[in-house]
Amino acid sequence: MKGDRAAPLDYLARWPFRLWIGLVAIFLYAPLLVLVAFSFNTSRRNIVWQGFTLDWYRAVLDDGDLLAAFGNSLTIAAVSTLVSLVLGALVAVACWRFRFPLKPVFEGALALPIVVPEICMGVAMLVFFSRIMPWPDGLAWPFSLGAIIIAHISFSFPFVAVIVRARLASFNRELEEAAKDLGAPEWRIFLDILVPHMRPALIAGALLAFTLSLDDFVITFFTAGPNTVTFPVKVYSMVRFSVTPEVNAASTLLLVVTVALTVIGLKIQGRDLGKMEGGH
Amino acid sequence: MPQQLIQFEGVCKRFGDFVAVETVDLGIEAGEFFALLGPSGCGKTTLLRMLAGLEVPTEGRILIDGQDMSGIPPNKRPVNMVFQSYAVFPHMTVEQNIGYGLRIDRVPEPERRTRVAEALALVKLDGYEKRKPDQLSGGQRQRVALARALVKRPKVLLLDEPLSALDAKLRETMRTELAIIQDKVGVTFVMVTHDQDEALAMATRCGVMNRGVLQQVATPSDLYEYPANRFVADFIGGVNLFEGRLVGDEDAHALIEADGARIWIDHGVTGATGATVWAALRPEKIELSHREAGASPPPTPACVPAGANLLEGVVRHLSYLGSETVYDVEVSGGRMVKVLRANVRRYEERGFEEDQPVWLSWSPRSPAVLLQ
Amino acid sequence: MPEIGAQEWKAAKGPFAVVFGLPAAWLLLFFLVPLGIIWAYSFGRTAGLTGIAIDGSLANYARAADPVYISVFVKSLGYAALTTLLCLIVGFPVALAITFASNRAKVWLLLLVMLPFWTNLLIRTYALMAVLRTQGFLNHALNWVGLGPWPMLHNNFAVVVGLVYVNLPFLVLPLYSALDRLDRSLLEASLDLGAGHIRTIREIVIPLALPGIFSGILITFIPAMGSYLTPDLLGGPDSQLIANVIERQFKRANDWPFGSALSFVLMYLTFIAIAMQAIIARRRRRITP
């Protein structure tokens, strides 16, 4: 490449790479932008732009079923995230801190929910909750979501564990030893010293668990009873059967929520890491 | 004048706001062993990388053998580099590493094998062909990197801090070996280092850099005995710097009044009378003699005015280094002067000890006068 | 992972019980047990309307070997492979550019690629539908220039496009991670010795980044193979992948034992893929510094 003023390995400065990345960006984002754009379109048919309207958003807000489904999804995600954080952090500490018999087997089992195809887990949950531990019908509202929540926790907490484990690897054990030397009991060490170090990982893990839960379709599809509908499941039936721009509006709202959460999470993580790195 | 092999013309490199190299004009002759010397962050490595083509100058140009290298990528330059981390390919054997460059040049297999064997012999790694890098020591990996670069018979070989990762003994060995190899092969070597002993010992000429600016380019002895400014004087070897005023300046001699010292030089100084100058006095050039009450000070040459090139002092500390001893002598005004004295005799009847009063004296030829 | 400082569990039974017990119990009850039941069912058959009798027979697995189902497995494997290949081709230059970009550009580019990953799969697939429909965006544009309309939805083409679309971010991140870990001076040395960029990538970058590349391939291949939504929404009647077939057994055909057997075959395929990758990684670990 003659005549360019860029360093030889600075690939991004060369136009073929810029073009490629541009095309990939278009490929990834154009469909989403189209979807968002047409949520404001007056026409029902999603091809020709006819006019700007917020009608479809009003339809979403009026759609009781949809709002209920969204509420369900948020509740499930919140509870699942909380419990997953606890379980994930606990097991990460367990593996990091202790040696025990058959540890590699346990760590393998822990990785299974991450690796196993979603359909297999969905099917397993279906069988479990209909035959082995049937979730009682007609329970009051949050508890009726119990089966789904349990399923979500099961596939979320190993992800949290992986993230927290990675963060623990950079922990300076001398801090723990210093605390012990000063007389702190185990639980104090855990809360005062270990948990603050884990904080960036906990936030990242919470973000991941929340998104995984909010977005999940397959496992929820199999675990949900007829009366418990989550947002992705409701949108799925809307996409399958009655496609109107209302779906676009609902999707856009979910997109906004997800993106906002991601940005917030990353910001907190970035700030946290900066503080942590400086302090230690 | 024969054309210089390498020419830097007005080369400048900026990274955003940070100026790494500020307008360097430098010429390197064919067959030289040239060292770029300076503290870390002075820009010497950046300059080397621009020569290799791994960085592009923000301004200016570089010529090799009269050819402008602007826009020519590293793989097309007649230059090869030995990287600081050696950069030996971990997934190839020693043989494959050295032969890599030849394979790219489409050198036929039989010739390739011969040349690889020659290169291995040159760096004294015969028999190591099939070894993998993780089976080699650091020093051996460096030799592989050296062989790999030399086997292509480049016009210029670049070395980025070649000895910094080696332990002291190995460093000494490699110093001589590199100089011998350079002599044998006749390739122009350009080396970057922060170790001034290395640079002085190995190079035919050195360029001292500080903060992106080339301070002085000279032979090692010229750098040591005739430093161009205080930075060079201080960076290379130990030095005692006396700041003073140029009091008398003639064609054949000059006098400097520094705090508590009068320094008489046996040559003229190009500077205005009354200007601030510095006299740099190397520790080994100062003579130490016993000072006793009532005895006269050591004799000085007739041309030197009384009291010049002479100081009264008390030894405060001495560092015994085996072959020599370094004395820290306190003179009037509380100032410390370093004196280096070779331990010529195994046992001296009247050696120097702490708190001993002494005379410091030096020849009028010893100080170097610095104007900046 | 070095276990320096790790304690023997017996040394602190109390704390160990707390941190280990709860998650282990959960994993057992709500994951391993359900999977175990599926595994048991795969050896059974339906008995009556709602009953399932586990009789240890391999009839379900035998049925899974029927050409009809074999072809679905092969198709799933094939599509997953094709998707991974396409993602590699598209994603490698992107990962390369990001690796050698300035730190600021890196952050933005990574965000650019990862953001779609954070958005809902269903929404992404739906968005693609609007683009590929016969009255959709792309065909509209093609009509404009006098080509088409081409049927781009509800067929195999749409499924592959959808799988690539959904899985591309999955591959770019591990690729970038593997490339970023390389010692840059190795590439510079290759260039310095006269190699061009393509050769440097072929002979230096790829061999040394291979373990990372393979784990990226794995992370893309497995979800693609077990994908449900994408073939369901974007595929035609002949584009069923294994996940769709399994769903049918459980929801409509009500043949749980057979569905369980199919699920487990899928899982075995997944484990084989993981094992292959682990073997390659172990063999290569000696080479990468």
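We call the chains A, B and C, going by the order they appear; numbering starts again at 1 in every chain.
Quick note on the criterion: a contact is a pair of C-beta atoms (placed from the backbone, for glycine too) under 8 Å apart; a residue touches a chain by one contact, two chains touch by 3 or more.
Worth saying up front: this structure is predicted, and the values here are computed from it rather than measured.
K.L.:
Please state, in steps, how far chain C lies from chain A along the shortest route of touching chains.
P.N.:
1
K.L.:
May I ask which two chains are joined by the most contacting C-beta pairs?
P.N.:
Chain pair with the maximum contact count: A-C.
K.L.:
With chain centres set to the mean of the C-alpha atoms, which chain is at the far end from chain C?
P.N.:
Centroid comparison gives B as the farthest chain from chain C.
K.L.:
Measuring centre to centre with CA averages, how many angstrom lie between chain A and chain C?
P.N.:
Their C-alpha centroids are separated by 17 Å.
K.L.:
Taking the mean of the C-alpha atoms as each chain's centre, how many Å separate chain B from chain C?
P.N.:
57
K.L.:
Report the inter-chain centroid distance for chain A and chain B in whole angstrom, where each centroid is the mean of the CA atoms.
P.N.:
58
K.L.:
At which residue positions does chain B touch at least two other chains?
P.N.:
Where chain B meets two or more other chains at a single residue, that happens at 53-54, 73-74.
K.L.:
Which residues belonging to chain A are in contact with no fewer than two other chains?
P.N.:
Residues 8.
K.L.:
Residues touching two or more other chains, restricted to chain C: which are they?
P.N.:
188, 191
K.L.:
Given the complex with chain C, which residues does chain B contribute to the contact?
P.N.:
52-54, 73-76, 79-81, 83-85, 87, 89-91, 100-101, 104-105, 134, 145, 148-149, 152
K.L.:
Could you pull out which chain C residues touch chain A in their complex?
P.N.:
Within the complex, chain C touches chain A at residues 1, 3-9, 12, 14-16, 18-20, 22-24, 26-27, 30-35, 37-38, 41, 52, 90, 93-94, 96-98, 100-102, 105, 109, 112-113, 115-116, 118-124, 126-131, 135-137, 140, 165, 168-169, 184, 187-188, 191, 197, 222-223, 225-226, 228-229, 233, 242-243, 246-247, 250, 256, 259-260, 263-264, 266-267, 270, 274.
K.L.:
Which of the residues in chain B end up touching chain A in this complex?
P.N.:
That would be residues 53-56, 70-74 of chain B.
K.L.:
Where on chain C is chain B touching in the complex?
P.N.:
183, 185-186, 188-196, 199, 203-204, 207-208, 286-289
K.L.:
Over in the complex, which chain A residues touch chain C? Could you list them?
P.N.:
Residues of chain A touching chain C: 8-12, 17, 20-21, 24-25, 27-32, 34-35, 38, 45-47, 86-88, 90-91, 93-94, 96-100, 106, 109-110, 112-113, 115-121, 123-128, 131-132, 150-151, 153-154, 157, 161, 169, 173, 186-187, 190, 211, 214-215, 217-218, 222, 232, 235-236, 239-240, 247, 251, 254-255, 258-259, 262.
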